[in-house]
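Two complexes, one shared chain (chain A), two partners (chain B, chain C).
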Partner chain A sequence: MHLNFKNKKITGILSVLPANEINYVDEIGNYNFSEKQSLKLGKIMGYGTRRIVNEGTTVSDLCSYGLNYLFEKNLLDKDSIGAVVLCTQSPDQFLPATSNIIAGKVNLNEDVISLDINQGCAGYEVGLMQAFMLLNTGSINKVVLLNADILSKKISIKDRNSRPLVGDGASVTIIENSNDNEEIDLFIKMDGTGAFSLQIPAGGFKLPSTEQTAELVEDVAGNLRALDHLVMKGDEVFNFVQTKVPEMLFDMFEKLGIDKTYFDYYFFHQPNKFMLEKLAEKINIPYEKMPNNICEKYGNGSNITVPLNICENLGAKALTESYRVCLGGFGVGLTWSLIKWKLEKLDFCKIINY
Partner chain B sequence: MKEDLLNKIAEILEVEEITMEDELNSFDEWDSLTGLSIIALVDSDYKKTLSNDQIKEFITVGDLVAFILD
Partner chain C sequence: MTDLQNLSRLKEKPFVTNCYMLENEMFDAEQSSYFDIQMSLELVCLYKNTKYNFKQMYFFVNQDQLLKRELFNWKEKYFVVENVTQIKLAKQNELITKWLCNNGIYHYRTFLRMYCLDCMDYSDIDFSIIQNPNGLDFENIKENLESNFDIYAERIPSVEELRNLNKSIYIIKIENEIAALLISEQKGRTEEIRYWLVGQNYRDKGFGGLLMKYFLNKNRQTKRYTLWVDRINKNAINKYESFGFVKDRIVNSIYINKNIMVDKIISILVDTRPEFDFNDETLGFMDAGYLDSFDIVTIVADLEEAFDVKISGALILPENFQSLESIVNMVQNSKNAS
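This part shows the complex of A and B:
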């Protein structure tokens, strides 16, 4: 699917990270692998430090903290918000929607629409798509997109397949109508036949959590996890990303009559450094054009990697310069999406600690 | 072509040289990470898709090479 939008701009991005930092090398002892094997894995995949929430911290805590920060610093006028869209796969509860909980916590008025979207790795692109559609109504001039995940809570500490990647956090992006006539092209595809490549089998209505679903079971590679935990078919996901993302990108180049040099940056979802290096090689662009430093510094926060990528790698430069960017998300769903957009000067672009 | 591929596999397995008859399980470095490195190599240099399940079927280096160069 190719969707075209225009006259929309991002005016600010804030990332909220838990202050609690853990280090890959400190966890090696948890795994069923030799220290040498795990160190080699860490080096190749790019595992370093990650930010993990403390027990009890929820997505609504991180998001309302970020929103209150913006209200207090006069970076966001509460009365100007028309809608709040939250993309997360770690909701506080099954019901109500976590965006309703957040709206209550920060006291938004009754005219503000709150929506939850169940998306992960491509949550930024899907959230932006929803924001664009809300802005297209003509009645809404400002959408707050929240992306947040705390999936570390659902990963076995003895799972070397997933544990070293995952970090937690939230981001707040402000999207508004503009008059710049700049075209935004959004490409998105989904493949439900791959729905279980990345999943948490138990804990929903189909298979509620019980003592049995909490039992750790060893897989063929030597990782221990329970049905309550996130499980990922690493090889399938790798092959999916390396095939589908370049395919979509080259299709985008052709349809829009541009080439790889058009973009100043490719701000992509960052499952790990290895995956991003391989993608950059496949597209034949320098590594610097597709930053890959998020996973090794903060962990892969699923929904938050793209906005965090922008905050980390542009930061204050985004306040004075504009950039042609290709945003990209790919993973759980399976969902993959690319957005061609011009990032105009922002009012804020930073990272704060929770 | 085959020599080049054998060199690349040897590099991933961190050994000086390998033969077609060597059993994959006999290498110290043969683990899930090596598997992913080979999947990545096959994807980037040979434009083929390889899965963990397929890799498990290969007994010798020769089995792997035959799949890649087929």
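This part shows the complex of A and C:
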């Protein structure tokens, strides 16, 4: 699917990260693998430090903290918000929607629409798509897109396949109507036949959590995890990314009559360094144009890696310069998406600690 | 017919070779080869012994053969092929690579030649820490070379050869251990740097730079300095450039036969999963649980480093890691695509 939008701009991005930092090297002893193997894997995959929430911290805590920060710093006028869209896979509760909980926590008025979307690695692009459509109604001039996940709580500490990757955090992106005629092109595809390549099998209505679903079981590779934990078919996901994302990208180049040099940056979801390097090689662009430093510094925060990628790698430069960017998300669903956009000078672009 | 006559007959038609030895270096007075030889109307191969379990192979092949699919049975189990050529002959090199590949001999690494015609004056530097080796130093140097350089690509000299090179071996010893070394060899009016190495525990102390300055200073009368460097060793290339070396238009493409390649792949697999026997060809490594998707990641990185290749992400599929054969094919497909 190819969608085209106009007259929209991002005016600010804030990333909110838990202050609690975990180091991969300190956890190597948890895994059923030799230290040598784990260190080598860590170096290639880019496992370093990552941010993890403390017990009791929720998605609504991170998001409301970010919103209150923007209100207090006069970077966001509460009364100008028309809608809040939250993308998360780790809601506070099954019901109500976490965006409603957040709206209550920060005292948004009754005219503000609150929506939850269950999306992960492509959550930023899906959230932007929803924001664009809300702005197109003509009744809403400003949408707050919240992306947040705290999936570390759903990872077995003895799962070397997933544990070293996953970080937590939230981001707040402000999207507004503008007079800028710059076209925004959004490409998105979904393949439900791959829905279980990345999943948490238990804990929903189909298989509620019980003592049995909490029992750790060893897989063929020596990882221990329960049905309550996130499980990923690493090879399937990797191959999906390496085939589908370049396909979509080359298709986008052709449809829009551009080439790989058009973009200043490819701000892609960052599952791990290895996957990003392989993508950059496939597209034949320098690694620097597709930053891959988020996973090794903060962990793969699923929903938040794209906005965090922008905050980390552009930061204050985004306040004074404009950049042609390709945003990309791919993963759970399976969902993959790309956005061609021009980031005009932002009002804020930073990372804060929770 | 004698060996030499066989070769002469082949040379009557256009041919391609990687051999630059003179006839008297290859054949004795009775025109018999000094080396193991394999002959046919289209192909003459000489296999020169090394001190390892593989040989250096030199070929003379009828030019028409490069485009044919005819396959040869090689006489030796383990051998290496070097082909020194000019970069501008890329098209012919490509043909040779393809012909070798079709015959189970795979590109391994490529070395670039660098040269320097003029260097800075280093005469006011204190070089007193540098010495020539003696006694047991030669054994230690050989061990150092074997653990830091590739035996298939770097022609590691024997202890005897090192003793003969004595005056052009420069070392820095710290508490009786060789901390750094530089070995050169005079070739006509050219001084060729063969090895330049600083031990793992002695890096960032300026030893490497000091040795290079000493070497350049000592050979001030030399008209030309040369060296060969692995094209993927960007660090080394940068360092040589900082001393005034520039890239030449000559490359040495090194090929290994399939048996060497398979042995290297097995050692990579064993390094990843030492508990399993990867010589068992009846198993699918992934099906048997010998490897998982995260092992694949480290194996890909090792293969890329070992074989100077970038493996495409789209080829990183479980089925390409099921057997030694599938891994060989994946590496070759990646080479062909690059």
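Note that in this section the second predicted complex is superposed on the first by the 354 of 354 C-alpha atoms of A that agree within 3 Å, B and C clash if a C-alpha of one lies under 4 Å from a C-alpha of the other, contacts with A are read in each partner's own complex, and residues count from 1 in each chain.
The rule is simple: a contact is a pair of C-beta atoms (placed from the backbone, for glycine too) under 8 Å apart; a residue touches a chain by one contact, two chains touch by 3 or more.
Bear in mind that the values here come from a model prediction, so they are computed numbers and not experimental data.
Student: Would you mind checking whether chain B and chain C clash or fit side by side on chain A after the superposition?
Tutor: clash
Student: Which partner chains sit in contact with A:Leu279 here, chain B, chain C, both or neither? Use first/second/both/neither.
Tutor: Second partner only, chain C.
Student: In the overlay, answer first, second, both or neither for which of chain B and chain C A:Leu216 touches.
Tutor: Touch partners of A:Leu216: none, neither chain B nor chain C.
Student: Looking at the overlay, does A:Lys40 come into contact with chain B only (first), chain C only (second), both, or neither?
Tutor: both
Student: When the two structures are overlaid on chain A, which partner does A:Phe238 contact: first (chain B), second (chain C), both, or neither?
Tutor: both
Student: Chain A residues touched by both chain B and chain C?
Tutor: Comparing the two interfaces on chain A, one with chain B and one with chain C, the shared residues are 37, 40-41, 44-45, 161, 220-221, 233-235, 238-239, 242-243, 274, 278, 281-282.
Student: Can you name the residues of chain A that touch chain B in the complex?
Tutor: My answer: residues 33, 37, 40-41, 44-45, 161, 220-221, 233-236, 238-239, 242-243, 274, 278, 281-282.
Student: Which residues of chain A touch chain C in their complex?
Tutor: Chain A residues touching chain C: 37, 40-41, 44-45, 160-161, 220-221, 233-235, 238-239, 241-243, 246, 274-275, 278-279, 281-282.
Student: Which part of chain B faces chain A closely enough to touch in the complex?
Tutor: 31-33, 35-37, 39-40, 43-44, 49-52, 56
Student: Can you check the complex and tell me which residues of chain C touch chain A?
Tutor: 272, 289, 292-298, 301, 310, 312-314, 316-318
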